[in-house]
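The block underneath contains the structure these notes are about, expressed in structure tokens.
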Amino acid sequence: MSKERIGVYVCHCGTNIAGVVDVEEVAQWAAGRLKDRGVVIARDYKFMCSSLGQEMIAKDIHELGLTRVVVAACSPHLHEQTFRTACKRGGLNPYLCELVSIREQVSWVHTNKIAATYKAEAVVSGGVERVLQQVPLEPLHVPIHPATLVVGGGIAGIQAALEIADAGYHVYLVEREPSIGGHMAQFDKTFPTLDCAACILTPKMVSIGTHPNVTMLTWSEVERVDGYVGNFTVTVRKKARYVNTELCTGCGICQEKCPKKVVDDIFEAGLGYRKAVYTPFPQAVPKFPVIDRDNCIYYEKGTCRACEKLCPTGAIEFNQKDEILTLQVGNIVLATGYDLFDPRRNPHYGYGRLANVFTSLEFERLSNAAGPTDGKLVLRDGITEPRTVGIIHCVGSRDRYFNNYCSAICCMQSLKFAHLLKEHTGATVYNFYIDMRTPAKAYDEFYQRVLSEGVLFVRGRVAEVTDAARLRGEEGKLIIQVEDTLAGKQRRIPVDMVVLAAGLQPRHDAKDVAKLFGISCSSDGWLTERHPKLDPVATMTEGIFIAGCVQGPKDIPASVAQGAAASARILGRIHQGEIALEPIRASVDADKCSGCRICNDLCPFNAITFHADRMVTEINPALCQGCGTCVAACPAAAISGTMFSNEQILAQIEGLLLLNLNPERAVTYASEAVAA
Amino acid sequence: MTSNPDGNPNGKPKFAMCWAASCGGCEIAVLNIHEKILDVDQNFEVVFWPVAMDAKYKDVEAMPDGSITLTLFNGSIRNDENEHMAHLLRRKSKILVAFGSCACEGCIPGLANFSTTQEIFDAAYAGISTDNPNGIRPQSAWDAPEGTLHLPKFYPVLKTLDQVVPVDYYMPGCPPESHQIGAVIDLVIQALHGEATLPPPGAVIGAGQSTVCDECPRARNVKKITHFARIQDALIDPALCLLEQGVLCNGIATRSGCTALCPKAGAACVGCYGPAEGVLDYGARLMTAVASVIDSTDPAEINRILDSLPDPAGAFYRFNLAGSLLRAGKAAWAADRVKA
Amino acid sequence: MTEAFEPVIVGFTCNWCSYRAADLAGTARIKYPPNIRLIRLMCSGRLDPTFVFKAFSSGADGVMITGCHPGECHYVEQNYKAMRRFILLQRTLAQFGIEPRRVRLVWASAAEGHRLAEEITNMVEEVRQLGPLNWPTAPDGVQVTRSVEAI
């Protein structure tokens, strides 16, 4: 006989449950069969989640002195909070309430009423046994440090940083490259309005650079993250710039005088040059250059030092060392962006082999007035304007050999390129597309506009780009071989220039970043949001948010929106001053722990620490995410986990199987007709 | 304190020790407490201890129920004679201690639960080391000219003591270590004199709360298993945790109390002290711990690594099979069902 | 009433993927046999082989273990630990004479209600073919009935 007093509440959910499960029978059964397990009252009710249903529970707790509550209704993901709150109102610790699902897991998936009722009883029995082993718990309250770390200085990170800084809280913005700006700084025009990217981005970059609440750490990388929501300790390596930023005025003489020219693979996408001492672009923020040690003549040969000699303020410091900074922050935004799909991986399109095949990023640089051609749209020779151009969509995207997903931005980007080509060169422009995807505000209008400008569209995936002429008129051209699926025939279209709308893909080191910050990636490599619809910028790790393309391919407006959304979430927390966490945590019984160290490497959140002096392992409850892997692994059963303890789970197993041990209830139900 | 603190007007409290299915090592271990055996004699009247003195079952049957204060029962329940003695001594004893691994959890005899009676008898009566030209097998009853002879009936599934009678305390070990036996005897004597209280019924006595690693001097690091090796096949660093060197050492899951004798002597812990406090299934604990630290995420590689552990069930359940959740293999249970 | 054998399967689900897949199967009214009873864990990494032994020894005919697809674990990589344990568990169970097909490891994301329902349907059928396991152990193990306070 249990000393606990349990109330069981079986919900009809209108006919959602009652239409298949005999809810009255379930309640009666629980009151009788589970009486010796402590069930003192079992009721069924139309809608348990209604205010009347909730009051019923609260009233029973008061009047019948219930010490445990089991609600058999819908999924705990829907109404667990509702019934916990009801129990709390009745004066019961909310964690002593167990919600078992007899809707999603019974009435909605089964049709045989006898079998469904029987299973519902088993599920209730499992819930009763489980709740008997539950203990009162309190949510964990964690204070929030008001500073925030933003990783990645592209548009998403810039937006997030500015929103938080403008609200009056400190932000550390860490950027791997010498300047913030990200991919957006490389673009010329932005679709569909064709604003100049620099014109709208530069003011934001300058705000970051001058904001009193922003500490900008460019040419820096996060090396280590310790701690937990509200209280992260982040180790940042500030790489040596070899330029004293206190003295440097950004005059640019060093860059002008440096004798070493280097192909700029990053900012200029390999189309232009920079010097060994450089800022990636003229509007760079900060304005201070860095010396690229791998290419600097001084580091190579020990002589030169032209920059040092000519610097008017003596800011060059060849002996500068990397600095290691330790930051305290409460929340983190990851906005580390994307890499462009490398079209070399698809040799059929000839990129890297055929000179006049360009990537979309190369084309952006060509069209940029500050780019290597001063905005002239010319072939690789640097002078010839193309007369005919083919733009190939979905390069590396929507392709089972590379990435299955749609990169989201390429259709609009290709339309933008077509428009710019028409405007600047009057060339004949073909777009080779699978489907046109222009679903956002003013996007389809832009498509209509480009159509009306006489750009040609061929629906079909391009098979090959080749310079092997077969027909008259193909000599000296690039020939695009494509099945025109609307015309229903194969076509060979000779062009002067091919632009590959290369897809977006996760940063090559996205998985390392995920591991560093203790969050997860999808199998593609995009960082995983907490909920794809309802919680797109939070992650499963409390205190870590994601914004921009790190979460998946998206355009500038969406990246900005995510940056702002992440900062809104963080500002809310900073204002609250603390956060309440579910008390699902593991802990070690130091008396039982023998220090065998089996668990030590099992926690991806670094919550497990071994104390060599005492030879015991300890779990930091604030870092623990409650997965229970260490609980299940401990050979000494020295680790226990709240909410999902061994006792609870074992009891639930027994409860679920109770009916099997009861021969008179052994209902045989003919195999249910599985949805025909 | 009087000489009859348990209220026995006829003198000293009574002590018994019984040997069921076991090797006899537990009996030797009790004798191995050296001069402390004199304390036993001083404080108890030994009424039944077949290995040490002559006694008949019927003498025990004649005793009043509950008249024996302390019974150490070693050995598991392999046949109906074992079970009879378990019931008998339970009835006669105030405190019944499952003494040693066999009584607690089945021990090595319990490993036979992976086999059928047929297989066990084949091994015992027809193996290459057995001289049994007529293929004689034990029978529970045999008609001799002089009358019917009876041998105990062999059970298809070996049981632990607490699977046939309620047990008050468990004292693990194969055998229990002498210093632990001595300490327990001291404790009981003190309790008899009202100078100490006994732990709550059901407790494990004469052992630690933690696992063998707690007493093991070997250095240990974060564990990653890339292969399993048998100790004779590997070059072993004498100062380093054996499991880290690929040797399946059961110390991680085995209750402390033995002072880590085996790992100290350069051998892997075999697990004779049984599960740690609060553990339901010893083999599962060992299995889950070892599996958790296999250093691969590729199923094919995991399988390759596990191929170097040829007998996982035997390794994990060496001492605990009969006391585990499943208790026996399917074949043994099938034979048991036929018997029933 | 027919005498067909109806297996009972205990399913362990991950709070973040397969439990949600089960929710989704419900919301989408996808049908599967009622022979499975689900237990929610936070992660497949919480799966302790003890639970499987407990289920078998308490009367289950099969056990399904479900978790996030490799690489998609909510807790980064804990499903790999479940996988390792599962492989070793299957090997061990085989030595007990328990058919390896009575335990099944299924990866099902929160979006895969259909897949989960299909796996359940398949497994129920498979275990039905295998027949009842009917492990003959009592539901309760150790019992301490006698008081020793008298001493």
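Note that the chains take the letters A, B and C in the order they are written out, and that residue 1 is the start of every chain.
Throughout what follows, a contact is a pair of C-beta atoms (placed from the backbone, for glycine too) under 8 Å apart; a residue touches a chain by one contact, two chains touch by 3 or more.
Remember, predicted model here, so these are calculated numbers, not experimental data.
Colleague: If I average the C-alpha coordinates per chain and also across every protein chain shown, which chain's average lies closest to the global one?
Modeller: C
Colleague: For this structure, I'd like the pair of chains sharing the most C-beta contacts.
Modeller: After tallying contacts for each pair, the winner is A-C.
Colleague: Please compute the C-alpha centroid of chain A, do the same for chain B, then give the distance between them in whole Å.
Modeller: The mean C-alpha positions of chain A and chain B differ by 54 Å.
Colleague: Chain A to chain C: how many Å between their CA centres?
Modeller: Whole-Å distance between the two chain centres: 31.
Colleague: Taking each residue of chain C in turn, which ones touch at least two of the other chains?
Modeller: In chain C, residues 48, 50, 54, 70, 77, 81, 85 touch at least two other chains, as defined above.
Colleague: What residues in chain B touch two or more of the other chains?
Modeller: Counting only residues that touch two or more other chains, chain B contributes 280, 285, 288, 292.
Colleague: Counting only residues that touch at least two other chains, what does the list for chain A look like?
Modeller: As it turns out, chain A has residues touching two or more other chains at 602, 629, 632-633, 646, 650.
Colleague: Going by the contact rule at the top, pick out the chain C residues touching chain A in the complex.
Modeller: Within the complex, chain C contacts chain A at residues 1-4, 6, 8, 10, 16, 19-20, 22-23, 25-27, 29-34, 37-43, 45-48, 50-51, 54-55, 58-60, 69-78, 81, 85, 117, 121, 128, 139.
Colleague: Spell out the residues on chain B that touch chain A in their complex, using ranges where they run on.
Modeller: Residues 209-214, 220-224, 241, 243, 251-253, 256, 275-280, 285-286, 288-289, 292-293 of chain B touch chain A in their complex.
Colleague: In the complex, go through chain A and note every residue touching chain B.
Modeller: On the chain A side, the touching residues are 591-602, 610, 615, 629, 632-638, 646, 650.
Colleague: Which of the residues in chain A come into contact with chain C in the complex?
Modeller: 75-77, 101, 103-106, 108-112, 115-116, 118-119, 122-123, 126, 514-515, 518-523, 528, 540, 584, 602, 604-605, 625-629, 631-633, 641, 643-644, 646, 649-650, 652-654, 656-657, 660-661, 668-675
Colleague: Sort out for me which residues of chain C touch chain B in the complex.
Modeller: Within the complex, chain C touches chain B at residues 48-50, 52-54, 56-57, 70, 77, 80-81, 83-85, 87-89, 91-92, 95-98, 135-137, 141-148, 150-151.
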